[in-house]
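Two complexes follow with subunit A in common, the first pairing it with subunit B and the second with subunit C.
So, the complex of A and B:
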């Protein structure tokens, strides 16, 4: 099996051991460097496991010959092919072989095991042989016989019916997800009640959020807690995320699924391909690794403009299309954006104790670095002021835990789902202007407040629609069918400010 | 000086209106901004013309606040009269001309500003003005040159005291400490220094709704929503609603996430 992006297709490993010609060992079929080096790994592993390596002309053909092959997963099928050709074993059962060999003949954790399993299921190839450390990933697919292989020796014994390896039971993903605890608990964050509230609103409506505040105010900590208050993953969502992580080789050895919503925080020196994905060998970028989770851009104003602009398509469509000479790949990239910025280059503008050392010029230039189109896609804007310790100590109570907040968030999501049935969208963030007009009606008091605010705060039409969407989410959180002026007033506090 | 070049209404230079130069640091802090905003309405109302150097920071804040309140202002450039100003300054530049205020310079054409031209400019600022107010200035800054020039010309020099921890207050605080400048802490102090007070004290008008607990809490200084919520013991979402109403009524404003009372 080979992968292009998240698509898989079968690869036949043909092995020919010829008696005539000089002894040689060649791999053809557009192998990359890692596949080419399988020669040395396979030869050494076979010898170290006590098999005779035939001193003949060996040719391996990876068919179809015109698709580039990459990675180390072809080691095992090549080794088994040689053993069969050498008549060391006789294959009596059909199955897919997959895995990277170590020099001593044991099998290593190999990326893409889940993609293999899904492919096997699709082509109704029930039995698959995968390295023991990657086997859990494959075992989440129902209706397969996943055989965890420790090393070449065990596999040969299994195939010779000397000592059979029992196949794995299908792993119950649902239970794994439900038992996953949030990595960061909201209750551990002291103070910053406004920001916590805003995050809850963001989670409830799927809104993107921008936090502005001086260094040390807790922006990073707050955003880390966001995945934990987002709705629990469904089985399908977990599979989607795990597929991406498996193909990128980011699964830990022995890990079955990604149990929590991902949290990705790329550094601002990231390249375009790093964020969006691509490169000559297709790999998912940070936007795809944050699929169904949180993409946190700390110091957003420091990111190169070209990199930020490239996020516009994924933010709009929930996926990225990468076109290269080799072909077109589509990766899912439906993430929630959390951006953090300092109020000025030195970070201390408006800080109660630190003095800001920037000129007004510096500050203006800094603010211009984030373009309008990106800001337009961010529904909530909040200030996270520095916490003055003495005002907090002894005063603050422990806040709500992430699990309690998540309950509320999920209730609000349910309301949205019910209302949005048939529209093809799932949360308030995704509402288009037409739907905003339909679902976000205001009472006369609300209309008045909104009109006054538009004038006073100089809001654009886009900002107007964003305020309404957020107000809808707040009403959903409070369990109210109508948007009341309280909800609207709160939404207006999250309006776009020049941070 | 042989001649002076100008754009706008030259009569401003010679009319009888009192002229106050407001000078200070380019690295103005929020404090400086607030001082200017707080005092400007009264100054304009008393017919004071504001003179400054059109540099970003305190200078431009003074020009801007003056125009916002409908006053007249004179901008003295440290570069050629015809030099194109940067896009960021363009708006203010046009506005000064539109409201019939004045831009002057002693330099011709499109000459760029340099090390020498700015201090030279300062002597014109001090020369035009009847009194000089330093809002925020670091030690060894151009604003202090203006201050020194004003003293040598025998014009009243005033300074706004600042935090002793702030770099942009060192200059002003030292002027006060050494007795060179009069310390001003209210707009009445300025008017008195300039001889614009007709002894009878105005009765301050304060028709404030002190019943609102948020306004009372903000009396003691700026506060964030969190701090308001803590000290009034009401949940943040409720506070957000209340402050929005007050903000819409124009009683408070928000800066960097902290609310403060308007004057």
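So, the complex of A and C:
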């Protein structure tokens, strides 16, 4: 099986052992370096497992010939093919073979096991042989016989019916997700009630959020806790995330699925290709790795402008299209953006005790680094002030734990889902203007407040719709069917220009 | 001189091992195969490397990849020339002789590359 992006194609590994000419070992079918080096791995592994490596002219053909093959997963099928050609074993069962060999003949964790399993299911090839460390990934697919292979020797014994390897039971993903605890608990964060509230709103409506505050205020901590208060993953979502991680080779050995919503925080030195995805054979970037999770941009103003601007399309569409010579690839990239910034280069603008050392020009220039269109796509803007000493030292009351908040968030999401059925979208952030008009009706008090504030703060049309969306989410959180003036007032707070 | 002596030694050595010697110093415009012989069904092209003494390293170190490739290519020429299509391989015989022309060491490497 070959992968192009998240698509898979079957690859036949044909092995020919010819009894004339000089001994040779050639692989054809557009192998990349890793596939080509399978020669040495297979040869050594076979010899070290006690099999004779034929001194004959061996030709491996990876068909279809015109799709580039990459990765190390072809080691095992090649080795099996040689063993069969050498009449060491007789294949009596059908199956897909997959895995990287190490020199002693044992199998290594190989990326893409889940994609293989999904593919096997599609073509109704029930049995697959995968390295034991990658087998859990494949075992989440129902209706397959996933045979975890420790090494070449075990596999040969299995195929010779000497000692059969039992296949894995299908892993119940649901249980795995439900037992996953949030990595960071909101209750551990001191103070910052406003920010916590805003994060809850963000989680409930899927809104993007921008936090501005001095260094050390807890912006990073807060954002790390966000995945924990977002709704628990559904089985489909888990599969989608795991597919991306499996194809990118980011699964830990033995890991079955990604159980928590991803949290990605790329450093601001990231390149455009690193964020969006790229390469001559495109690999997923950070926006895709944060799919259905959180993309956290710390010090957002330090990111190169071009990189930030490139995020616009994925933020709108929930996917990225990467076009290269080798092909066009579409990766999902539906993430929630959390951006953290300092209010000025030194970080202390507006701090109650610390003096800001920046000139007005410095501040101006700093703020210009993030363009309007990007800021416009962020629904919630909040200030995260420094925490007062009393709260840190004293036994400040612990806030709500992530699990409690998550309950509320999930209730709000349920309301949204019910309302949005049939529209093809799933949360308030995604609402188009038409839906905003339909679902975000205001009472007379609300209309008055909104008119006043529009005049006073000079809100743009787009801002107007965003305020309404956020107000809708807040109303959902409160369990209210219509938007009341309190909800609207709170939403207007998150419009305050903080950066 | 040294080379010829070495090739004689190698031929005898291989013959004693049960190889059937077919030809010595098969030559074309492009190069040469020291010994062509047969090991069972397999045609063997042998490159002989001879040195006097151990100074400057062992003889086998003096046979590098390009030399082997050259012998292999010559082997292909040989096959064409004789119209053969059999399995074949390249061997290296490394010989160290002393000043007194006696053999000090003989090493046979099968199927190099």
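Throughout what follows, the second predicted complex is superposed on the first by the 493 of 499 C-alpha atoms of A that agree within 3 Å, B and C clash if a C-alpha of one lies under 4 Å from a C-alpha of the other, contacts with A are read in each partner's own complex, and residues count from 1 in each chain.
Definition applied: a residue touches a chain if its C-beta (ideal position, glycine included) is under 8 Å from a C-beta of that chain, and two chains touch if they have at least 3 such contacts.
Note that the structure is a prediction, hence the values are computed from the model and not measured.
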Combined model on subunit A: subunit C and subunit B, fit or clash: fit
In the overlay, answer first, second, both or neither for which of subunit B and subunit C A:87 touches. neither
Does subunit B (first) or subunit C (second) touch A:236, or do both, or does neither? neither
Touching A:453, do we find subunit B (first), subunit C (second), both, or neither? first
Could you tell me if A:20 is touching subunit B, subunit C, both of them or neither one (first, second, both, neither)? second
Please name the chain, subunit B or subunit C, that touches the greater number of residues in subunit A. B
Angle, in degrees and to the nearest 10, that opens at subunit A between the C-alpha centres of subunit B and subunit C: 120
Tell me the contact category for A:194 with respect to subunit B and subunit C: first, second, both or neither. first
Check the residue A:55 against both partner chains and state whether it touches subunit B (first), subunit C (second), both, or neither. second
Is A:66 contacted by the first partner subunit B, the second partner subunit C, both or neither? neither
What does the superposition give for the shortest Cα distance from subunit B to subunit C, in Å? 69
For the complex, which residues does subunit B have touching subunit A? 26-30, 56-57, 60, 88, 165-167, 224-227, 229-230, 236-238, 240-241, 243-245, 247-248, 250, 254-258
Within their complex, subunit C touches subunit A through residues 72, 75-76, 79, 85-90, 111, 113
Residues on subunit A engaged by subunit B in the complex (per definition of touch): 191-194, 197, 212-213, 343, 349-350, 355-361, 364, 382-385, 391, 395-396, 449, 452-453, 456, 474, 485-486, 489-490, 492-493, 497
Within their complex, subunit A touches subunit C through residues 19-23, 55-57
